[in-house]
Amino acid sequence: MSGRRHDMSPTVVRALGRRGRPWVAPGLAAAVVGVVALSPDPYLHAAAGRMLPLAVLAVSVAAVTGHAGLPTLGQVAPYAAGAYTTARLALAGSDLAPLHLLAAAGAGALTAAVIGAVLVRYRATVFLMLSLAAAELTAITAAQWRTVSGGTDGLAGIPAPRLLPGLPPLLADRTVLLYATVVSIAATAVAMALLGGDRRTLLAAVRGNEARAAASGHRVTTYLWVVHAGAGALAGIGGALLIHTHRWITPADVGFTTAALALLAVVIGGAMSLPGAATGAIAVLTVRDVVAAPLPGHAPLLLGSLFVTAVYLLPGGLTALLTRLSLRLHPRSAHGTGHPAPVDEAGRSTVRSTP
Amino acid sequence: MDAYLIPAVDGVAYGLLLAIAAAGLTVAFGAGGVLNLAHGTLIAAGGYVAAATSAGTWASLALAAGYATLVGAAGGGVLAAATAGLRGRGHLDQALLTFGVALVGADLLTTAYGPDTLRPRLPGALETTVRVAGHRYPVDRLAVLGIAVVVVAAGYVLLHRTRAGRLVRATVDDRAMVAGIGVNPRLVDAVVLVAAGALAGLAGALTTPILGVGPHTADTTLLLSLIIVVCGGLGSVPGALAAALAVGLVQTVGVTSFPTVAPYLLIAAMAVVLLARRTSLPGRASA
Amino acid sequence: MLRIGDLAAGYHPDTPVLHQINVDLAAVVVHTVVGPNGAGKTTLLHTLAGHLRPTTGWVLLDGRDVTGWTPVRAARAGVTLAPQGRRLWPSLTVTEHLTVTRPPARRPNSRTWTVDELLEMFPALATRLHHRGHQLSGGEQQMLTIARALRTAPRLLLCDEPTEGLAPTMAAHVIHALQDLPRHGVTVLAAVPHARAAAALSDTVHVLAEGRLTGPITTSGGQAEQALRDHLALTSPALPDHAEAHR
Amino acid sequence: MKTVHRIDPAGVPSQRLPSDIDRAHGNGLVATGLRHAYGRLTVLDLDAFTVAPGDRHAVIGPNGAGKSTLLDLLAGTTRVQAGAITYNGQVITRRGAAWRARTGIGRTFQHPIVYPDLTVLDCVRMGGWHHRHHPDRTPAEVLEIVGLADHAGQLAVTLSHGHRRMLDLAVALAGQPRVLLLDEPAAGLTDTETSRLLDILGGLPGWMAVVLVEHHMDVVAALADWITVLHNGRRRTDGPADTVRADPAVAALYLGAGGDDAAHR
Amino acid sequence: ADSGTVRVGLLVSLSGTYAAVGEDMRRGVQLYLDTHDGKLGGREIDLVVGDEGDGPATAVPAAQKLLERDRVVALTGLVGGATVDKVQTLTTERKVPLLGSNARPAFAPVGGKARDLGYTWHTSYNSDEPGIAIAEYVKAQVGDGTVYAIGPDYQGGWDELRGFTDTFTRLGGRLANPDGKALFTPFPATENFLPYLNRAAESKPKAVYTFYAGAAAVAFVKQYAQSDLRDVPLYAAGFLTEGSVLAAQGPAATGIRNVLNYSPTLGNQANQEFVAAWSAAGHPGQPTTFAMASYDAAAVLDRALSAVDGQVTGEKLNAAIGQVGRVVSPRGDWQFEPTEHRPVQRWYLREVKPDGPVLSNVLLQDLTTLP
């Protein structure tokens, strides 16, 4: 009847979300990639490799959405910056992958820092819509700036990168997959390390009650800006991977659709979990590109069904599911996760403490 | 003078057209707090139903509007049922769900009506133009102007001047306290979404004779409606109206006056409005 | 009107906050519940108002079993909560708070309060009619919380720390208003932290400690506070004399 | 450097406190000409307000008098619209809350929420973040002092109201403030907790400056050496605690002796 | 010829904005197969369909699946220019002929090197051809008057309009656009063309030239008839009124003169058979250039496959496509241009007129044959 017993709760889910074991996911991911890479099917290699840029983008979105608490569609801007930087470097004849990654990360961080300087002053829906504006403006700029982007049809046939001078270019689908996996896992691991421990707690505090955090001396806006810019570096790396795995790009690839998929992937994965976000992205693309392939024209139907099921079966995302499973195995660890509050002031920090 | 007056009149008419399209979202998202990404799909559904029903007569037009409203309301009912379990889980989960519903709905619509762009047939009298001061005005847009005024006025009275509207806002603020005064918040949710759906369906019947309806309709309308609702300040009908008119003017006077930057105008204008809105600063009561 | 037996409630199945609550709110008077912070006063009121489902036990309303009812049913039956923490609706103005809340249609003999009567009862609100819920001072919010609850024409008003944050004059005023309610047939159950406040507010004091309810202690006049202190001193040995000394 | 004298409404300088010596040197928190309005409603209009090291300065007044607004302005939680604030001689009017907190201005909130998703212990740790390398007391010790040691691992959102208030205080204390602004710290506390609060506040170091907004007159009586009475955003009276409490006008306005005028404005 | 089953991939948009075109293209291929017992070149055909979606992001994975999972020997279809641009590199790498039947982009050089078009064929046209084909006719119609050029702001729009404006100005024509350049409207965001059209009317053009397709075409045509330009002749690339959009446009489209490589009212025998088969298959309306080009793609494969001996491979098939010579087609016979691998074909002037109860793009005259 009323909302009460079901009103449970972001709190409980949030509480559950933070109990996941952080290193399980990357390990699992590595194992899955190993299996895919060992399989003889080049289609699998190519398909899997192509999913990783979005996975890295999703990790970046998760950092901003989950940890900084700012739901964003705008990380496609640093993603685009990274991608076009890489593409232009490669087309200009510089084909060193490490250099690409570095340049892309720098370009991404810079872009996100500039955008973030304005955006992190806003919250909730307004932030979301401003980030949407950032996404749209990115795609429009990409389409209009033809000398860089090649127009709406984009760039094709970008040369493959090399790991080191003298090594052969990364051309074979399997090699590309392995390379992209290593980069993705490393980037995610670095992000997890940077957003772990006390920093994670600090951000949780800032999300929970900004006024209190400020009154304890925490530079809220600065923290959020730093996360935003750092996530931008990550998105830039995703952009570099986009070029390395696809070797083409169109403005649409850095537009709203990509941004929306990344954000939804984050929700599926559980906003607080970086590996969850990556898994979510891979799940989304698997459904759209692989599972739906035998049903041409009905990818939206399957994707839509995935979203609907995810909402119902995975409250709190994949990560919360893992946690629930492990709770079932070790019921004692359930201590302190709390149960339906008498629908408390919890979620309503806007009331008076933050005038 | 003339150079701006004519597009300005266009802009107002087009803005009011958008106001009708955004009305349902204002109710669902602005007032009811449900981030309904299936809004565009409901409009498309209304448009398809109207296209299938209308035959160029006044009677069929009325019937089409009626059917479209019913279909929209039914869609809203589906959403109400689907989101009932998600209360308190935040906008992102709602977004995931409604986006999923939108994708499924779009697929069903193209399966049922085909991928072609359709257009409901208007009675001949509406398809013509009138000449005023040396310029032509499409009669259908002038008609929309009139209807929009009625819809917006009704919306304003309902949301801002009736108990029902206050209950809707209260439910978004703190549903348990609404239950505590003896009103079932789930009933409020359901009514909101059904009403929003009905409005979306009706908007589908009213706007697609002018713009056509096809696979693209859902996305385009959703984006414009979101911009209007958020720029107007969530939950405010006058705000949404002002935003709709602004978008209308940007899309007419703006794009023709500055064609070189036309692609940027709408989004840039939205960003400026949002950046300037103090209420959205941290800690202020915003969404 | 309300009788509660063997009631247990809490937030986690293994660790109930309330154990065996038995109480009969038959007398149309002001009842108070006192107990240390974290004893479960709020939990008890929320359970009675239907915001929390009891794990065991029963609740009878006029002899009918209403265990585990919802807040909607509770409110319609005349059991309304004025919660702690001022749970107002930030986007509604003071006027709107009072007009959106209405006495239920089908409960003829309850005393109803018009908006004007409530503003007369809480004059501070009358000067803030167009402020939104979150634009009020702490004390103003507290008044509006109580006014809103009264607007539902309750038969049983559950007040969670009704005088918290009120200036002394205003607190006295609210206490007076609550004490007046039984005259209109309204039973009041108020949770208060202080023995002194409890004694000032009512003659029927229930003590909540360690998840159990004892009492009611019914005294009259000036002895109430002392009786209560004695009682609390027994149930909660840590009770210091400090407060006394500081006064 | 500007010296501020306390001026009472009649224009007669009021008695000096020992800490006025600090004040004369600009030490402590000095606010002049603070005005704050929401639209056309002026909720605070205060010619001067000072608190120097060692002060125990209570601010009382009817509901809606502007007490919390004053604290918000002093702490930087709300932007100053008009007026100036200096701290130890330095102008801090335009500084944000975080900056002020790091220089030593700590506060509690009237509506304590703290950090809902954090455990009680983490809340305190985040409160003492800037002193984490050289804490006066460990977070656990702070929790012990406020009596929440048993709740250390519980999520803050699941605390009872009174416990949250104590937690808010613990978080503020962990920040090792030099000026402590307290907004109704005793509201909702039981006798036991109130006396614990008095112990804690009574035991604060002598150099600390404390501003106490409180409706519980016994708490005010036990702690304050100076009282400012606010009414409709203006300073009605101020002076040494005993004098003000004995003032019949204050009693009439605030303490209820003269009826419930307080709320009638 | 060998009679084993051969797998052919068809990649078209079946979801998203371009689904209407994609569906038409699928019908075209399927119609050819159905009228030829499901065989091409005497071999059983296993037609594997992939969804192109809205562009390369969905199209490339689908193409990859067709190429690597299904191991098709040829890939046909492809609605969007951007898709062709990206998929072309894949098919070339794998030496599988890409037989596009719709958009053909400019194939920008990569890293200074021209693209290898050895495995790339089209049964359609280059995007700038319609404009080139009609420019002379329009010039003759307007004489010394000016023409206003307007189109959507994306690669396809740029190409289509460039074909017209370049040729038109080379012939001495003047554009009415204030800056002498075609006006591009944001795409796909624009659905309200009235302000553009009323603004254009101020330049008092003698005629208007445009290219829009799909939903934008519906809105454009309807609003054109409501604008101050309604009495100014409208010339267009034929996609403006091609296929299902014409029904949605209704009477507002009457009188629009447009250019395309096909008209359902062409009198040749291949077309009569094609139109008859189209109706017999129960498809609504009349066949479109999209369906026709896809039908032709199947015809090309039919001829090429019958020339392949033994096991069919991409390489052998590609070589055979190079040898097909004249293709008998509903649009009139055509053949591949030897280096660019696109049709050398005739272009027609059409006018929207009632044809019986429905509106149709009725053939007015031949315009030119473009090399």
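Each chain gets a letter, A, B, C, D and E, in the order it is written, and its residues are counted from 1.
Quick note on the criterion: contacts are C-beta pairs under 8 Å (C-beta built on N, C-alpha and C of every residue); 3 or more make two chains touch, one makes a residue touch a chain.
None of the values given here were measured: they were computed from a predicted structure.
Colleague: In the chain contact graph, what is the shortest path length, in steps, from chain B to chain D?
Modeller: When the steps are counted carefully, the minimum from chain B to chain D is 2.
Colleague: If you tally the C-beta contacts, which comes out ahead, B-E or C-D?
Modeller: Counting C-beta pairs in contact for B-E and C-D gives the edge to C-D.
Colleague: Measuring between Cα centroids, what's the chain most distant from chain D?
Modeller: Greatest centre separation from chain D goes to chain E.
Colleague: In angstrom, rounded to a whole number, how far apart do the mean CA points of chain C and chain D lie?
Modeller: The answer is 29 Å.
Colleague: Averaged over CA atoms, how far is the centre of chain A from the centre of chain D? Could you give it in whole Å?
Modeller: Those two chain centres are 43 Å apart.
Colleague: Chain D to chain E: how many Å between their CA centres?
Modeller: Their C-alpha centroids are separated by 76 Å.
Colleague: How big is the gap, in whole Å, between where the Cα atoms of chain A centre and where those of chain B centre?
Modeller: The mean C-alpha positions of chain A and chain B differ by 30 Å.
Colleague: Hey, what residues on chain E touch two or more of the other chains?
Modeller: Each of 14-16, 19, 153 in chain E touches at least two other chains.
Colleague: Touching two or more other chains, which residues of chain C qualify?
Modeller: In chain C, residues 11, 42, 50-51, 70-72, 85-88, 90, 133-134, 138 touch at least two other chains, as defined above.
Colleague: Enumerate the residues of chain B that touch no fewer than two other chains.
Modeller: 107, 174, 176, 179, 184, 263, 285, in rising order.
Colleague: In the complex, go through chain A and note every residue touching chain E.
Modeller: Within the complex, chain A touches chain E at residues 41-43, 46-47, 50, 91, 93, 143, 150-159, 246-248, 250, 252-253, 257-258, 288-290, 292-293, 296-300.
Colleague: Using the touch definition from the top, list the residues of chain E that touch chain A in their complex.
Modeller: 14-16, 19, 49-51, 53-58, 60-62, 64-65, 68-69, 81-82, 85-86, 88-89, 105, 108, 110-111, 115, 153-155, 158
Colleague: Looking at the complex, which residues from chain E come into contact with chain B?
Modeller: 14-17, 19-20, 22-23, 153, 183-186, 188-192, 194-196, 198-199, 202, 214-215, 217-219, 222-223, 226-228, 230, 243-245, 247-252
Colleague: Show which residues of chain C lie in contact with chain D when the two form their complex.
Modeller: Within the complex, chain C contacts chain D at residues 11, 34-40, 42, 84-86, 122-124, 127-128, 135-140, 142-143, 161, 164-173, 193-196, 232, 236, 238-240, 242-243, 246-247.
Colleague: Flag every residue of chain C that touches chain B in the complex, lowest number first.
Modeller: 49-51, 70-72, 74-76, 80-81, 83, 87-92, 96, 99-102, 104, 132-134, 148-149, 151-152
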